[in-house]
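In what follows, subunit A forms one complex with subunit B and a second complex with subunit C.
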Partner chain A sequence: MKHNRSLIRNSGFQTFATSILCIILGLIVGYLALLIIHAEGAGEAIGDVMKNFFTRPDSASRMKYFGSTLAKTAPLIFCSLSVLFAYKVGLFNIGAAGQYCLGMGVALRLALESAINPEVKISWVVCLLCGVLAGGISGAICGLLKAFCNVNVVISGIMLNWISLYGTNMLLKPVMNPTGKDTFRLVSKAKQALLPTLGMDKLFNNQYVTIAIPCAVLVAVVIWILLEKTKLGYELKATGNNPNAAKYCGMKENRNIILTMVIAGGLAAMGGAMYYLSDFEQWNVNSSSVPAMGFNGIAAAFLGGLNPIGSIFSSYFITHITMGGGNVNLSHYCPQIADLISAVIIYLCGFVLFFKTMVNNSLRKSDERRIMRQRAAEEAANQEGGNS
Partner chain B sequence: MLLLIQYTLIFASVLLLVALGGCVSEHSGVINLGLEGIMVMGALGGALVMKFLPYTDGSGNNLGMFLAVLGASILLGVFYSSLLAVACVNLKADQTIVGTALNMLGTALATVVVKSMNTAMDPNNHSSEIFYGKAKESFITNIGKFELNWFMLVAVILLVLVYILLYKTKFGLRLRACGEHPQAAASVGISVFKMRWAGVLLSGMLGGVGGITYITAGVSTWKFENGVAGFGFLALAVMIFGAWHPFKILGAALIFGLFRALGNTYNAFDFLKSLNIPTGVYNMLPYIVSLIVLAFTSKNSAAPKAEGIPYDKGMR
Partner chain C sequence: MENYAIEMLNITKRFPGIIANDNITLQLKKGEIHALLGENGAGKSTLMSVLFGLYQPEEGIIKKDGKVVRINDPNDANRLGIGMVHQHFKLVECFSVLDNIILGVEPTSSMGVLQKAAAREKVLALSEKYGLSVDPDAIISDITVGMQQRTEILKMLYRDNEILIFDEPTAVLTPREIEELMLIMQGLAKEGKSILFISHKLNEIMMVSNRCTVLRKGKYIGTVNIRETTKEELSRMMVGRDVEFVVPKDPANPTDVVLNVENMTVSSKVHRNNAVNNVSFQVRKGEIVCIAGIDGNGQTELVYGLTGLEPLKSGKVEFLGKDITKTSIRKRSLMGMSHIPEDRHKHGLVLDYSLENNMVLQRYFEKDFTSPIGFLKKDNIRKYAERLIDQYDVRSGQGPITPARAMSGGNQQKAIVAREIDKDPKLLIAVQPTRGLDVGAIEFIHKQIVAHRDAGNAVLLVSLELEEVMSLSDRILVMYEGEIVGELDPKTTTVEEMGLYMAGAKRQ
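Up next is the complex of A and B:
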C-alpha cells in the first residue's frame, strides 16, 4: 500500500503515466477517425498502424523494416533532444526543423562535391561537422536575437525555418540528379561520405542502418548528464526556471540563452546531417515545405516527458506509428492518419501539467482528510480518557 | 506593375486578417500560435463549399455563394479555435505546445479529410487536392485591368469592425483589460474566462477568413498537404511589427505583402530580372525582412502584459 502510494506521488511515474494516457487517447481518436472514413476495416487499419514491421511475412524482411524504423528514429531523437534542451532553458525551439534542414543541406552539399569535381573527396566526418556547425550558427542567430533584441524565439525560429528551406534548395540545386528533382545518391557519387555502418547493415540486412542510431542514443545520454550532473546544466535550468533569480545569483542570462540555442541548433543539424549521410533519402531541391522531422521532434520531446532518455522511446514510438501509417489499405485510408494521431498526442501533452496538478491536488486532499480523521480520532480518544 | 499591386493587396489582406485574429486573441491574454492550423481549417471549409455548392453561371447568385463560402470558413475556424480555448483558458495548458499541436493537427486533419473524400469518390485518387477554379473566379470584379478580389473588401470591413470593437466598445475595453491585468479585471466583475473565450473565438473567425482568402489568392486548386506555408506565423510577425494596433497592422501587412508579392511577380520587371537573383532569394525575402524588422521593433514591446499566462484566480 505504502509503496503504491509513493509510486503515484513520484513525478517521473506521473509523467510516464500521463504519456501513456496521451498515447492511448491519441490512438482512440485515430481509430474513431478511421471508423468515420470507412467503418469496415478500421480495426485492421489501426492494427496496421501499430504493428508497423510486424505485418511483414518473414523474419528477414521484418528485421529489414525494423532497421528502417530505427534509421528514421535516429534523426527524430536528435530533433527531440534539440527541442527539449532548449525547453529546459525556457526557450521553445520550433526552429529545429530549419536547423535540421540546414545541417542536412550543408553536409550533403559538401559530400556531393565529388559529383561535380570527382577529384574532391570530402569524408563524412568533415561533412557532419560542417553541418552541425551550420545548425549551431542558425541557432545562434535565434539566441542572439532573443538575448539582445528580445525577439520571440518562436517567431524568429519560424522565419529561419523558411529561410533555411529556400537556402538549402539553392545550395543543393547544383548537385541535383538531372534525371529527377532529387539530389544524387551518395552510393553512386560519393561513397566516401557515407556514414560507417560497423557491420550493422549485415545484421539488419539493411544498408541504411548506420552509426547514426547508436550515436543518437549516446548523445541522449550525454545531454542527460549535461543537464542533470553538471554545473552548466544546473545554470541553464536555473535560467529557464527564473531568469531574474538566476541573474541575481550571477549567472549570465544572455550567455546561457545563446549557448543553449547553439547547442540545440547543433543537435537538430546533427540529426539532419546523419540521416542524409546514411543515404536513406535524397533531398528534393524543389521542396516547398520544411521537413516535418523538426516538428515531430516537438511531439517526441513532450511525449518523452522532456527527459532525454524518455525521448529515445517516444521518438521510436512516433516513428513506429508513422511508418505503420504507410501500411494502411490505401483504397480507403491515407498514411497521414498517423500524423493525425501524433498531432492529437501532442495536443494532449499540453495538458500534462493539468493532469499532474489534478492528481497531486486530490492526493493532497485525501492526505488532509486522513490527517483530520486521525486527529479527530485522537481527540475523541483523549476525551474518553478524560471522562473515565 | 498592376500585377504587383494586385498581389500585394491580396497577400496584405490575408496577413491583415490573420494578424487581426492574433491581435484580438492576444489582447484577451491568449497567445494564438495555432493560427496556421486555423487558417488551414478555414480554407478547408471554404474549399468544400466551393466544390460542392452548385455553381450557376448566371449573375446574381455569386453573392449567395460568396457568403456561404465565408460562412463555412468562419464556422470551421471558430470551431477549431475552440480547441485552443478549452485547452488554454479552462485547462491552463501550455499555450505554445497547444498552438503548435493545432498547427500540426490542422494540416493532418485537412489532409486526411480531403484524401479520404477524394478516395471515396474515386478509389485511384490519392491526392489531397481540391479544385474550385470556376467558383473562385466569380468572386472577382474587374475594374479596368485590375481584378478586385471580394476578400480584399472583407478584409477592410473587418479591419474597421475590429478597431471599433476593440477601442470603441465596452466589450473591447473589458477584453483588453483581461490581457493586461486579468486579476484587476476580475475584481470589477468581468469574467476573464468568458472574455478570453471570446478573444480566441474571434481570432478563429478572422483566421478562418484569412485561410480561405489565402488559398483563393492566385491558384484555382489547393493541395492541403502543404498547409498554408507559414503564413500564420508571418501574420504573427506582422502583428508584432504592427504593435498590436489594427491600423498599424494594416501598414505592416502592406509592407510584408509587397515583399511576398515580389517573389511571385519579379519576372515581370526587366530591372529586377536583369539583376539575375535566384528565385530562392525572393522566396526568402519576406522572412528575412520580418526578422530584421523584428530585431528593431521587439525591444520596446507593446505586447499585452498578461499574454501567455494562464489566468489563476489565486494570483494577485
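Up next is the complex of A and C:
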C-alpha cells in the first residue's frame, strides 16, 4: 500500500500514466470518428490500426513489417530528441523539419555523386557527418539570430524550413532518376553509401533495417545523460529556465543558446540523413512541403513527456499507428484515419498537465482526511486515558 | 460586550504534515487598526486565506458583527465588505485608475453601455474624503508605486468595504510614501473603517496600530494593546526569544583598498540621462560601505556595472588592484566577488531548479562538483547543500530537493545569502539582503555580514531601509539621481540629515 502511494506521487510515473491515459482517450475518440464515418467496419479498422504488422499472415512477413516500422521510428526519435533538447533550453525548435530535410539533402547528394561521377565513391560515414554538419549549421543560424538579434527561433525556424526545402530540391536535381521525379536508389547507384545493417537485415528479412535504429536509441540515452548528469546540461537548462540568472552566475548564455541550436539541428539532420541513407525512401525533387517528420517530432517529444527515453517509446507508438493506418480497409476509410487518431492523441497530450494536477489535488485531499482521522483517533485515545 | 467588526474564533487549518493555523483567534474591533504580526511562515497568509474563503478551516468559526457567517469563496468575503490590498497589486497596467477601480463592478446603462460619470464623481469624493489625491485618468503604468497602492485602497472604498486588510503594504514604498500611507490608514480608521495591518516591521506597527495579534509557527501567542507594549516585547512574542535590533560590532578597521571605482558612468535603459553619472568611491578591507538612497536613483545600475551585468559607458573599476572594467562576470566571481542580487526571482534563483542545484549556482563548475570530463558530482552537491541548509537554517518542504519555486520568499533569500557568503568572497556586494525577511532572520543575516567584515573582507551594502543603513554600515554614501551626493559617518549623522541628502535637498 505504502509502495503504491509513493509510486503514484512520483512525477515520472505520473507523466507516464497520463501519457498512457492520453493514448487510450485518443484511441477512443478515434474509434468514435470511425463509427461516425462507417459504423460497421469501425471495430475492425481500429483493430487494424493498433495491430499494424500483426495483421500480416505469417511470422516472416510480420517480422519484415516490424522492421519497416522500426526503420521509420528511428528518424522520428531523432526529430523528437531535437525538439525536446531545444525545449529544455527554452527554445521551440520548429525548424527541426528543415534541418531534417537539409541533413537528408546533403547526405544524399554526396552519396549519389557516384551516380554522376562513377569514380567518386563517398562512404556513408562522410555523407552522414556532412549531413549532420549541415543541420548543425542551419541550427546555428537560428541560434545566432536568437542570441545576437533576439529573433524568435520559431520565426527563423519556419523561414529556414522553406529555404532548406527548396535548397534541397535544387541540390538533388542533378541526381534525379530521369524515369521519375525521385532521386536514384542507393542500391543501384551508390551501394557504398548504404548504412551498414550488422546482419539485422537478415534477422528481419528487411534490407532497410540498419544501424539507424540502435543509433537512435543510443543517442537518446546520450542526450538523457547530457541533460541530467553533466555540467553542460545543468548550464543549458539553467539558461532555458532563467536566462537572467544564467547571466548573473557567469554562464555564457549566448554561447549556450547557439550550442543548443547546433545540437538540435544536428540531431534532426542525423535523423534525415540516416533514414535516406537506409534507402527506404527516395526524395521527390519537386516536393513543395517539408517532410512531416520534423513536425511529428514535436508531437513525439511531448507524448514522451519531454524525456529522451520516453521519446523512444512515443516515437515508436506514433509510427506504429501511422503504419497501421495503411492496413485499414480503404473501401470505407481514407488512409489519413491513422493521422486523425494520432492527431487526437497528440491533442490530448495537452491534458497531461491537467490530469497531473487533478491527481495531485485528490491525493492532497485524501491526505488531509487521513491526518484528521489520525488526530481524531489520538484525541479519543487521550480522552480515554484521561478518564481512566 | 465589545463591538467587533469581524471575529475569527479558534481557527484551525491543517495541511499535510503541518498545522498552518492551530487554534487561532483574531478579533477586529470597529474603527481600530489591528496589526497581525508573525515571522515568515507563521500562518498569517493561511489565516487571511481562510478569511477570504480560499481555504475552509477544519475547526473554528467566523463572526461578522456578532453573527456567525460562512465564507466559501472570495465573493462571499466581498459581499461581507471585506477587502484587501495585496502585496503585489492586482491592477491592469494599461488601464486608467478609474477603469481599474470600477473593474468588475462597472456601472452600465440597461443597454450595457458604460456610465463612468457617476463612478468618477464617487471616486473623486472618496479620494478627497480620505486625502488620497489620486488622478482618476492617469494610466497605472505611468504612476508611482505609492499611487498604485492608493488605487488599490480606492478600489476597496469604492466597493464600500468596511474591513480593510493591508498585506505588508510598506514593503514596496519609499520612506516618505510609508509616512503618507500611515496617515491615510489613520484617517480611514477615524472614519470608522476597521483595518487589519499585516506586517513584520515593528516600527510601523508601533506607529499606527491600536492592538496587535502575534502568531508564531502557526500558534496564537497573544493580543496586546500597543500603548502598553514595547518593540522588544513584540519581537520576543514573535520570535520566541530576545532579538538584537542593532548587531553589536566593533569599530571598523579598514586596511587595503579592495574596490576602486573611478568616474563610473552607466547609461540608463529607461531615459536618456545616465543612470549612474561619474561616480567614484572606494571600499576597503574590513569595512561595510553602504549606498543609501531612494529606490531608482541609480543603485541598481551601479551594482550592474560593478558585477558586469551591464557594460560601463565610461570610467574604470579596479578590484584587488586589477582593472576589471571589461572582465567577464565569471572571472569577477572567481576573483572573489559575490553578489546578493536585488531581485531574487530575476537573477538570484533558477526557480524550476531544486534548492540544491540553486545552492551550487556559483560554483557548479568547480572540481568538487564537476568531474574532469564534465559530469556533475551529485553526491557532493547534495552534501554541500545540506550543510548550507543546516548552517543558514533554510526551511523548505523537502530539503535539498525542494523546487526553489515552492519555497517561501524569506527562505529563498536565505538560500541566496548562504550561497553568496559561503563563497567567502573578498568583496560582498549585498543589495537589499534582508528584503522580505522577519526580524529573526534579519538579525542572523546582519551578524553574518558583520562577521564577514571582521574576517577581513570588504562589504558593499545597498539598502533602502534607513535602519539597516544606520545599524550596519561603517560609511554611508548617499546616491541621488545617479550621483553620490554625500559621504556620511553613521556615528555622527542622523536619519533626518541622511533624508535631506536622499531627497536631493543637500549635497557635499
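Couple of notes before you dig in:
Following the convention adopted for this analysis, the second predicted complex is superposed on the first by the 365 of 388 C-alpha atoms of A that agree within 3 Å, B and C clash if a C-alpha of one lies under 4 Å from a C-alpha of the other, contacts with A are read in each partner's own complex, and residues count from 1 in each chain.
We adopt the following convention: a residue touches a chain if its C-beta (ideal position, glycine included) is under 8 Å from a C-beta of that chain, and two chains touch if they have at least 3 such contacts.
Nothing here was measured: the structure is a model prediction, and the numbers come from that model.
In the superposition on chain A, A:L145 makes contact with subunit B only, while subunit C stays out of contact range. Of the two partner chains placed around the shared chain by superposition, subunit C is the only one that A:C249 touches, whereas subunit B remains out of contact. Touching more residues of subunit A than its counterpart among subunit B and subunit C is B. By the document's definition of touching, neither partner reaches A:T179: not subunit B, not subunit C. Judged by the touch definition given at the top, the superposed model places A:N241 against subunit C, while subunit B stays out of reach. Shared-chain residue A:V344: touches subunit B; no touch with subunit C.
Residue contacts after overlaying the shared chain place A:G167 against subunit B, while subunit C stays out of touching range.
Contacts of A:F302 after superposition: subunit B is touched, whereas subunit C is not reached.
In the superposition on chain A, A:T230 makes contact with subunit C only, while subunit B stays out of contact range. Interface residues of subunit B facing subunit A in the complex, by the touch rule stated above, are 33, 83, 87, 91-94, 96-98, 100-105, 107-109, 111-112, 115-116, 119-120, 123, 126, 128, 225-227, 229-230, 233, 236-237, 240, 278, 280-281, 283-284, 287-288, 290-291, 294-296, 298-299, 301. Listing the residues of subunit A that touch subunit B in their complex gives 33, 37-38, 92, 94, 145, 149-152, 154-156, 158-163, 166-167, 169-170, 288-290, 295, 298-299, 302, 330-334, 336-337, 339-340, 342-344, 346-347, 349-351, 353-354.
Touching subunit C in their complex are the following residues of subunit A: 229-232, 234-235, 237-238, 241-242, 244-251, 364, 367-368, 371-372, 375.
The touching residues of subunit C, counted against subunit A in their complex, run 14-16, 58, 307, 309, 328-333, 339, 341, 346-353, 357, 361-362, 364-365, 370, 374-376, 378.
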